[in-house]
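In the two complexes that follow, subunit A is the common piece, with subunit B as its partner first and subunit C second.
Now for the complex of A and B:
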């Protein structure tokens, strides 16, 4: 009898957990946040889950919603008033921030996404260079069924295959903002001829945009930080240009101390594949020219960073980790512009 | 004489679960926040001190002919232990149910999760120590397997340089962390004293308790190192469960992802075993005080209700 009573009491518990039906959710895949006049403007792109499965067209099947509020939660609550389903941020893949927001309220953004349990923290963060973040997200693209897919694809390709951007994830940005040794870097996007274009890298200092790296430095940045798969290097020969591709590249920075001053050795290894040999160079000449060009672009970015006194390769962190005793005796930020370096290339022509 | 016999291996696995039960919900986060990359040093100090204390406890017969409740000279210790157990089990219950509600059951009512958890625990207590130990043996194998898979899958995300610079924290912080580790890895092991000697099939149990404690240390230190290697200062400072956050990173072939909930299971197993043994301990104590001979469902229900009430009062205090 006792067993039956327990069983009857257990019946209300077997209805299953409080699951969320997909059709009752507004799945947000990308978000844009602008800030002006002390107000946040949040734009979200909602995936349309009600779409008929038989529809095979490749057009964008999402909708963009926008609302303003005193803070991000308030703005999202206001969006909720216009969407019949609950907003779900668990699949957020892209966040576009406006320049004004980054310069004024970056900490609020970080704190909102860190504290929000529902959000997956592995989404890409981009900075809108010229237009509002809302405009970036509202721009319709032809190649991808979702506009955010186009931006993400461009970011990944431009990072891995041409090295002109950097796919900064939210958690890395948050870490570098809170760290004393890391420099936060964001990729930027702008609208050029009605098309979304990945632009220069933005370097942040004291939670504000400090400088934008020129395209010529972006490649070197990704080269040194090992964020690149194939780097295309063009070098000049006999008033023409030849092209080589450097694959499987690996850069190691070794911190040293020379005359009580920081001194780094930068080792670069990789395979050279000839793409365009317009000067009919032999293997040795190609190797020499490529070595010279690689050293040149890395030298340029190091001089640039020393002139601006901003440690974009997080060399301070290397000294903190590997030369901690020495690091504790110096003020690295003050002597960064006196940093000496040596570039050693070990490239091979394949 | 009772026919039920428990192997020393079973005791070893029980020691393992008890010693790891407080690690993930409380200790890992505290140790990482205090000593970050030097956590393994503080844990090692805590482990060595714990080993000495455990040897002393075993010398003074942690496991004896009678269980600790029935012994005549342990009345004060038992009373203190019962108070401590009520506090520990209710705090760990509210912490675990909140975690389950947030990450597994999508903000489901914590009270219902607590009731269901305690129903299973009461059932296990009614069944007795032998099925509990057998459950430990099965859960131990599953836990080790899950941890090996987790280690292999996460090793591609490791940045071993995160452990540098070594000895960067002051000795005071390292010692505080080591004392945390020592207290929360040793106190749960005292609960083993609820098992009387005659229930164990061989006499090697002291050796196996130490082996269980060593395995739990290795397990915990590996988990801490994995967290250090695959996280950063920001994750450690800002997230309540850094180990859980790190597990979220695992992503292979675009379809093996979000394995964090699966990899957290060993931690939930150890909390579950701790709660079972706590309830068993409290139940034995009440039976002894009120001279009740058999397990009584009403007594167990009353203890469970008390634990739930206490856990919710903890929640209110914490809020």
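Now for the complex of A and C:
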């Protein structure tokens, strides 16, 4: 009996869970952080879980609360003064950061969310391109069952099914920021015609915004990073445009060494489905044109990145893992603009 | 019989039995006095008249000049079973068993002839284990009928029946049945030994013996299964297990019982195997649903909110608004309410039963939700749980599931998912440590046997089930002969 009592007494010590009743929580699904004059301005969107009069209505409204503070926790504590329930960040889905914040205090943000064990680490991080972060959060969306369902949905779908944007998750951002070989990226958002729109991808270097990747490079970026389900490729023929869809694509970058210089092979496999055949091409022409176009867009982004001398595909990490001895003898960052590559496409028309 | 003076003897019986249903009739012939004694309540009057009294009167009429009255009567009485009795205790025993006792003046022996009244119902379909396709007969309260139902299905002398008597007062007939060419002798001997050691005043039902021969009071899962179905009993006999049959109880005991047996029904073997496998998986799922659902719900809404999608969390949160109790109390109230409803439904005569369920359904299902005392999701959780637990026909299993459900609910309310995992481990350890006569309860999972898995969670086709149970039927393992090339 004694051992049972000891066991039961031990259980709470090793559990670490604390009881919180669901209806005493303010579920926050989006947060915006601005930074100006050494002060953080935190805006949170609390989902309204009170019963609507109309029971058929399954949409959830959000209410925004705002406060400033010396740091993020201070600001959140100040928000607590106005919110009746406990702030709960476990279901945070969207974090909007202002440009000024990213350029100055990005590490503080990362460390706050990494160290807070109540926050899930799988939310989308967006950079507000033109406006302050809290204006993004106060833009009303229509046609969504809860706030920011639209912007999250459009970023996810445009990444997966057309490849023209990138869904930057917090955990990836934190990982690449902490790594020496990775280049962090951030999706951006702006207000266009009073609606939120996904904009160009921002590339960070030394914890600062370095460049914005043009939309035409975004597809190639997703292609190489395998972040894509279906890619729509348009190619030119007889002054018209035809479209094909590339599905099940897979890209492998194989690092090699040639004449003591890094040399990469990029293998691309996938299935081609014809969507619009405006020039009445046959199978072989379609294949050739698609191959050409794929090679072309990938070539473009590689040339672009070499010119800017920014390793957006984390090729440095590949060499670090591939041949560490060799990696130690070279300064990869300096020779990146001399990187040689070869693109091999193995596509099939279905 | 020491005292062979008939009238003195009859006085003694009258005085000691002193029962209103004791019937004593004395007939005087020229040669000797003959008395018939029987208990009207348990003896068939017409049979007594036909067999005993009529033959005595006939002899009377013809006034046969017999020299040896006793032998003449012993041979001429026309009833099923005639026995010779030598002492007073035997006479009383036979009297209470429904026999007619014939005493002859001057003789030191008595004749007992069987004329038992039929006090039991006929062979009906079993009420607790309903099946759709398969034999519909069930055990009754009559010992001989129960044995007969088994003998009808096993026509070989390998079926051994050892009769024991249990209970100082009730003297209940207990039949230990086994197949001597399949069953392990040690198991039978152990069971018989255990039955011999029992010293109790009465065994009213097989449940008495089940509790007495095995000490399973520490775990609510029953390690001996009872069944009302002769086909199930025979299946288990052929698997090398021991069946115990009782007088006055329609429930036979199956020793040993494995955990997985509670997920099987006899019907599983009468249908196509592939369909049965699906249903068996459903049974396993419903076992886990009925034990864990309230606990998981409570853990998710009170501790581990991060583990559910935002949409569902919002749904839960919206439903919880305005409910005055903590989720745990809410779940507990609903669970108790359901148990009350179930219990009253069982106890109430069938005329009132439907009104209880309608009333309970309206109160628990609808009124409580619209009054805002419980959330609709809680009604869904509790009813899903309750329905899943009713998949099992064995009352003991349903009760065991209920006990663990409440324990899981407590641990989830205290420690969340972590608590559920802890208690789950505890339950697992508990189950795997259970034994019936040194046969592990969780076989073939815990001492794992791959060959046995053909008939556990899924059922393979009949042709593939070539072997009996590897643990209990070692003596005669093949069910389907190899030469048949099936």
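In this text, the second predicted complex is superposed on the first by the 326 of 350 C-alpha atoms of A that agree within 3 Å, B and C clash if a C-alpha of one lies under 4 Å from a C-alpha of the other, contacts with A are read in each partner's own complex, and residues count from 1 in each chain.
We take it that a residue touches a chain if its C-beta (ideal position, glycine included) is under 8 Å from a C-beta of that chain, and two chains touch if they have at least 3 such contacts.
All values reported here derive from a predicted model rather than from experimental measurement.
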First, second, both or neither for A:120, with subunit B first and subunit C second:
both
Of the two partner chains, subunit B (first) and subunit C (second), which one does A:171 touch, if any: first, second, both, or neither?
first
Looking at A:260, would you say it contacts subunit B, subunit C, both, or neither? Reply first, second, both or neither.
neither
Comparing subunit B and subunit C in the superposed model, the one touching more of subunit A is C
With both complexes superposed on chain A, which partner does A:329 reach: first (subunit B), second (subunit C), both or neither?
neither
On the A-aligned overlay, A:320 touches which partner chain: subunit B = first, subunit C = second, or both, or neither?
first
Just to be sure I read the superposition right, which of the two partners does A:37 touch: subunit B = first, subunit C = second, or both, or neither?
neither
Under the contact definition given at the top, report the residues of subunit A touching subunit B in one complex and subunit C in the other.
17-20, 120
Subunit A residues touching subunit C in their complex are 11-12, 15-23, 25, 27, 29, 47, 49-51, 60, 88, 90-91, 93, 118, 120, 145-146
Subunit B to subunit A touching residues, read off their complex
102-109, 112, 116, 119, 161, 164-165, 168, 232-235, 237-239, 245, 248-249, 297
Residue numbers on subunit A that touch subunit B, as the complex places them:
2, 10, 13, 17-20, 114, 117, 120-122, 171, 174-175, 178-179, 320-322, 324
Contact residues on subunit C for subunit A in the complex?
301-306, 310-311, 313-314, 316-318, 320-323, 326-327, 413-416, 418-419, 422
